[in-house]
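As written, the chains take the letters A, B, C and D, and residue 1 is the first residue of each chain.
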Amino acid sequence: MNRVGVLTGGGDCSGLNPAIRAIVRTAARANWEVLGFLRGWKGLLQNETRPIGADGIDDLIARGGTVLGTSRTNPYKEKDGATRIQRVLETNHLNALIAIGGEDTLGVAAKLFEELKIPIVGVPKTIDNDLDATDFTIGFYSAVQIVTDSIDQLKTTAESHDRVMIVEIMGRHAGWLATYGGIAGGADVILVPEFPMTLTQICEAVELCRKRGKRYAIIAVAEGAKVIAENGHEIAEQSHEAVDAFDHVSLGGIGEVLRDLIKGKTGWDTRSTALGHVQRGGSPAAFDRILGTAYGVRAMELVLKGEFGKMPAHWQGQLTAVPLKAAVGKLKTLSPALYDLAKGFFG
Amino acid sequence: MNRVGVLTGGGDCSGLNPAIRAIVRTAARANWEVLGFLRGWKGLLQNETRPIGADGIDDLIARGGTVLGTSRTNPYKEKDGATRIQRVLETNHLNALIAIGGEDTLGVAAKLFEELKIPIVGVPKTIDNDLDATDFTIGFYSAVQIVTDSIDQLKTTAESHDRVMIVEIMGRHAGWLATYGGIAGGADVILVPEFPMTLTQICEAVELCRKRGKRYAIIAVAEGAKVIAENGHEIAEQSHEAVDAFDHVSLGGIGEVLRDLIKGKTGWDTRSTALGHVQRGGSPAAFDRILGTAYGVRAMELVLKGEFGKMPAHWQGQLTAVPLKAAVGKLKTLSPALYDLAKGFFG
Amino acid sequence: MNRVGVLTGGGDCSGLNPAIRAIVRTAARANWEVLGFLRGWKGLLQNETRPIGADGIDDLIARGGTVLGTSRTNPYKEKDGATRIQRVLETNHLNALIAIGGEDTLGVAAKLFEELKIPIVGVPKTIDNDLDATDFTIGFYSAVQIVTDSIDQLKTTAESHDRVMIVEIMGRHAGWLATYGGIAGGADVILVPEFPMTLTQICEAVELCRKRGKRYAIIAVAEGAKVIAENGHEIAEQSHEAVDAFDHVSLGGIGEVLRDLIKGKTGWDTRSTALGHVQRGGSPAAFDRILGTAYGVRAMELVLKGEFGKMPAHWQGQLTAVPLKAAVGKLKTLSPALYDLAKGFFG
Amino acid sequence: MNRVGVLTGGGDCSGLNPAIRAIVRTAARANWEVLGFLRGWKGLLQNETRPIGADGIDDLIARGGTVLGTSRTNPYKEKDGATRIQRVLETNHLNALIAIGGEDTLGVAAKLFEELKIPIVGVPKTIDNDLDATDFTIGFYSAVQIVTDSIDQLKTTAESHDRVMIVEIMGRHAGWLATYGGIAGGADVILVPEFPMTLTQICEAVELCRKRGKRYAIIAVAEGAKVIAENGHEIAEQSHEAVDAFDHVSLGGIGEVLRDLIKGKTGWDTRSTALGHVQRGGSPAAFDRILGTAYGVRAMELVLKGEFGKMPAHWQGQLTAVPLKAAVGKLKTLSPALYDLAKGFFG
C-alpha cells in the first residue's frame, strides 16, 4: 500500500488539524496510508511517528493547534540532517511527504525537493500571512478574529475610563494581522512594519478622536511596527534614546514604549495590552476550517498526481498550486492599497 | 455642500452597519453629507430620513443588522414608484444615492440608473452569497460562522445520544451557506438546491459514518435542497406523496421531512433543527467588518468619481467595481468544484 | 482495588464531561478505578463498559455532551431491570455506582438504593433546572448562555425589520431557562408554564415597547408556557379552537401559534424561532465546568465516605449533600420572586 | 417629581450597564427621574451630569463597561470633597444617590451615609470578587468566562509545542478570579495570594503532568500570588534576589518571573501571557446581566423604601440587602474549601 508522511512545523496556529484531517480522508479514499511525524522536522529526524487512520479524526475539524505537535527544528542546521530525513522516509516506506508550515518549514521542503528530489508537497500556514505566492495562509484569519474580539473587549474598558488603549499584535515583519484586526476592530490608528508613522502623527490622530467626540482611542500596533520619534530615530530600535526624556518608561514591547510616549505627549491616560499567545490558539474560525480542508485535500491530490515541489495556494480568489520556491523566496508585505483603506479611518 | 443618500434593503444581515460607517467616514473626509433613508425603498418613497454624521458612529463596526432599518418594498410595484423616488432625491438635494442590498434592491437600483439616469451606486449584500459578479457579499461569512458554531453545538448532543442530526440552513435557491457551513462544521452530508442527491445516497452516507466508528452523523441541508425519493419524485416539491409510506410525518421544512424519512430507512434516532433567524444576526465576524468597510469606502469613492450604475465587488481576490446589471442578471449558483471538495467528506 | 461505576442518563447537556473528569481524578487520588457504563441505564443493563483512567481525560473540562453516551432507558420498565443491574454491578466487582442525571435517572437511583440497598450516589443535571433540593443543576447555566447569545443575535434582525421576534426555549414544565435567558437577553415578555399570561396582556406589553420608541420586541417563551386566549381557553392545550378565528395558522410549537395570534392582534410583523437542540450542546460555560467539577469531586467523596443514597447539591450558596429522594419527589418550579423581577421589564 | 442620582466608580467591568438599565426602568415605574453623574465621584464633584430616561436604554443589557464613565477619584482626598458632594446633590434636587462600585467607591458611600446622613444606596461590583458581605459582585463572572476562554486558547498552542504555559490573571489581593478561571480552564496549578506555594511544589506538579502523559501544563497565576523560592524568600517581593541564579530574567509581572524560574528548574519550554485589560471588557456574560439587573432593581427598591446605607447582596444563594459598612470593612479572601477543591487537580 502507498504511504504518505505528514508533519507540521514552526509556530502552531488554528487550521492545522483540519488540514491533517483532510489529508487523511483524501488519502483513505485513494487507499493510501498516512504516517504522522511528531514535532515537525525534529520528530522526522528522530523517526518519531504516529499512524493516523481515517476513523476517530472527525473532531479535528474543530480543534486548534496540531495533534502532531510542532517544533522550530531546521534539519539543515543538524548534522547530516537532509540525508537522515531521506533515510527515515525510506525506512518507513513512504512514497511522499507533506510538510505543513511557514517560511522556514517550507524553505526546508523546497530545498529537500530541489537538492535531493525528495517527493515533497507543502501546505502554507502562518498567522502572519506573510508567505509569498498565496493570498491566505492557514491560521491567519482565526488570529484576525481573535484580535477583533480582543479589541471589542478592550473598547468597553477604554471607553469607560476615557483612555487610549494600545493593543500589541503579533507580526515582527509584516502588518497583515494588525491591519486586518485593526480594521475589523475599528482601530483609530494602525502601526505596522511596512509603513512608518511618526509619534507626532499618531498623537494627532488620537487628538482627532477627541475632537470627534470619542471618549477613547484604540491603537493597533504590530510587534515590529516602525514608529519614528521626534528626534527622527526609530523607536523600536532606539527605544532607550528615544524615550529618555520621559520618566518611568518600562522596557517592554513596542506597546509599552508607545504607552509612555503617547501619555507623555497627549496627557491622556494610556494603557497597553499585548495579546500574546492567545492569538495562535482556540478552535479555528470557519474560514480556517475551510481553507485548511481545501489545502489538505489539494495537497494530497498533488501527491496522488505526483506533482511534487509544490503547495496549494489561494491566488486571486482561486485555489491553485504554486512551486514551493515561489513561496519562500521573499516576504509578502502588507498591501499598500489595504493600508490606505485603513488609514481612511485614522483619527 | 454635496450630499449622498444611503439605504439598506431586503433581508438584514451582519456587515451592513460597518458599510454605513465606512460610507459616512469616507463622505466626511470629502466634505459630503450623508442622509440615511429608513427602511429601504419604503422610507425613500415616504421621505423618511435620518442624517448621519461622522461622530458617534464608531460602534457600528461591531453592530449587527442595520441602524437604518430595512424592508422588502419594491418601488416598481408601487404606483409611480420610480418617479416618486426621483422627486424625493431632488427634494433632499441629493447628488447621489447608495443602495445596499441583494438581488431585489440592486435590481431596482440598476433599473433606476438605466431608465431614469438616477446617479446610483450599489453595495452587494446577502447571506446567501448568490449575487452574481462578486465572489463575496456582505453578511455571508458571518452566517457561515454562525452555522459552524451551531453545528459544533449540535455535534456534542448528537454524539451523546448516538443520533443523526439534521441542521436546516438558509438558502432557498443556492447552497453556498450550507456548503461553507457544512464543510466548516464537518458535516457528513451536505444537501443543496444545485446538486440533487437521492434519499438512498444520503442513507448510505449515514451508514458509512457508523462503519467508520462514528457515534453520530450531521446532515447540513439548505432550505431549498433537492432530494430525490425512492419513487424518483423530488421530496421538497412532492413531500406528501414521497413520505406517504411513513407514519407521523410532520409537514415542516425539508429538515423535518428528511428526519422522518432517514429515521424510517436507517433506524437511527434522527432529529432536526432549523437554525432560523439567528443566522442573520449578531455582531459581524471580522470578515464582514472588513468586507463591509471596504465596500463602503469603495462605494463612496465611486460616487465621488461619478461612476454610477456600479457596485464594488470582490472578484478573483481583488476589490473592484462592476456594473449593477452584471450582478442582478442571474443567480450565482454553487461552484461545482467546491461541492466536489465537500463530497470528499460525505459518509 | 476498589472500583466505582459511572453512568450518564437522560438528555445530554454541557457539564457532564467535567463531572466525569472530576470523578475520575478524585478516584485516582484515592486509588480507586473507574468503570464507565455506556448510554445510561441501557448500557448498564447490557454490561457495555469503558474503563476511564486519569490520563488523557484533561480535555473533558472543555467538552460538551458526555463521552459515555446517554439514553432514556428506565430499568424499572425493563423485565427484571433492577436485579439485572445488581448482577452487572457484582460481575464487574464494583463497590459503588455514580449516576449522573435528572428526574428520571436519579429517580431510578433513589429506588435502587431504597429497595435493593445498592450503594449509589447521584449527580444532578438538567438544563431545565427543575430538580428539587438543589439551586443549580449541571447544564442549566450553559443553556442560559446559549439562549442569551441567541436573543442577542435575534435582536439585531428584529430591530432591522421592525419585528416582534418570538424565541421558543426548552422547558415543558418549568420556566427557569426561559426566565434566566429572557432576563439576560433583555426580553420584553417572558412566558412560562408556572405563571399564565393572557394574549391580551402579551399584546399590551408589545404595544408598550412601541410607545417607548423601540423598533422591536422580543418574546421569550418556554415550550410549555401557559397562554390564555381571549375566549379563556389555554392556547397550548386548545390551540386549534383558540386560533380558529385566524387564517394560516401553522400547527407548530407554541412559538408558531403565538406568532400568528400576535401578528393578527397587533398588526406587527412577527416571527418565531425555536432554538432547539443547540441549547444542549457546545463547550460548557465556565459556570458548568466549575459546578460539574465540584459535583464530581463531592460525589466521589460521598462514595469514599460510604454516604450512599445522596447527591451533591448547591443549596443556599453552599455545596452540600442531600438525599436523592428529596430531589426527585417533586418538580422545583420557577421562583415567584424571580418572575416578579423579570416582569418589571415587560413592555 | 422624585429624583435619584447614579454613578459608577473604580475599575470598570461587565454588568455595570445592565445595573444602570435596571435602576432606570425600576425608577421609571415608580415615576422617579434618574440623573447620571459622569466618571464616578469626579463627575459628581464637578456636577457633570447626564439624564437617563427609560427609552433607548434597552441595549445596555448587552453592553460592557459603563455608559456613565468611571474614575478612581476619592472625594475624601479632595478639598471639602464630602460637603461639595452634599451641595451638588442639593443643587440637582436629588432625593437619593446610588453608587455602583467596589471597596473604594462603597467605602466613600458608607462614610457619606454615616457622617453626613446622605441618603445613599450602594451596588457591589469588582472583577476580583473580594468585597465582603456578598457572595458575588458584578463583573466577576464575566471575567471568569474570559479567563476560561483564554486558557482554552492557550491550551492548544501549549499542547502543540509541548510547553508549560503560564497565564497571569488579575487579582492583587485575592485569588477568586484565578481560582474560578483556573478550575474552569482545567489549569494544572493555580497560584493565589492567600495560599503560598513553593517553587519546588509548582515544579513537582508540572513534572506530574508529564508523568500522566500530558504534552503541556497550564499554570494560572494571580498577579499577587505568593510563591516561595528555594531560598525561602517570597518571589513577588524579592524577585531580584530570588532569581539571581538564573540568567535572562525579565523584570515583568509574576508570570514572567515564574517563566524563567520554571524553565530553569524543569527544562521545559515555558511561556507566559498576561491577559491584561481584556479581562474587564466585552459584552457581559448572562450571569452578570442577571446579577446586574437584580442588583439594580433591588438598589432602586431600597431607595424607594428609604433603606439607605445599604447595598443589595447575594448571600447564601439569596438576594438580600446588607449594610455598606459590612461590605467594606475587610477583604473577602478566597475560600479554603474552594482552593482545596482546585488543588485536587494539581499535577
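Couple of notes before you dig in:
The rule is simple: a contact is a pair of C-beta atoms (placed from the backbone, for glycine too) under 8 Å apart; a residue touches a chain by one contact, two chains touch by 3 or more.
Since the structure is predicted, the reported quantities are computational estimates derived from the model, not experimental observations.
When chain centres are defined as mean Cα coordinates, A lies farthest from subunit C. Averaging C-alpha coordinates per chain places the centre of subunit C 30 Å away from that of subunit D. Inter-chain centre distance (subunit A to subunit D, centres taken as mean C-alpha positions): 33 Å. Residues of subunit C in contact with at least two other chains: 152, 155, 283. Judged by the touch criterion defined above, the protein chains form a single closed ring in which each chain touches exactly two others.
Counting only pairs that meet the touch rule, the chains in contact are A-B, A-D, B-C, C-D. Residue ranges on subunit C touching subunit D, taken from their complex, read 22, 25-26, 29, 54-56, 58-59, 61-62, 135, 141, 144-145, 147-148, 152, 155, 180-181, 183-186, 212-214, 283, 285-287, 289-290, 293-294, 297, 314-319, 337, 341, 344-345. The touching residues of subunit C, when paired with subunit B in their complex, are 8, 12, 14, 16, 39, 63-66, 69-71, 146, 149-150, 152-162, 165, 215, 252, 271, 273-278, 280-283.
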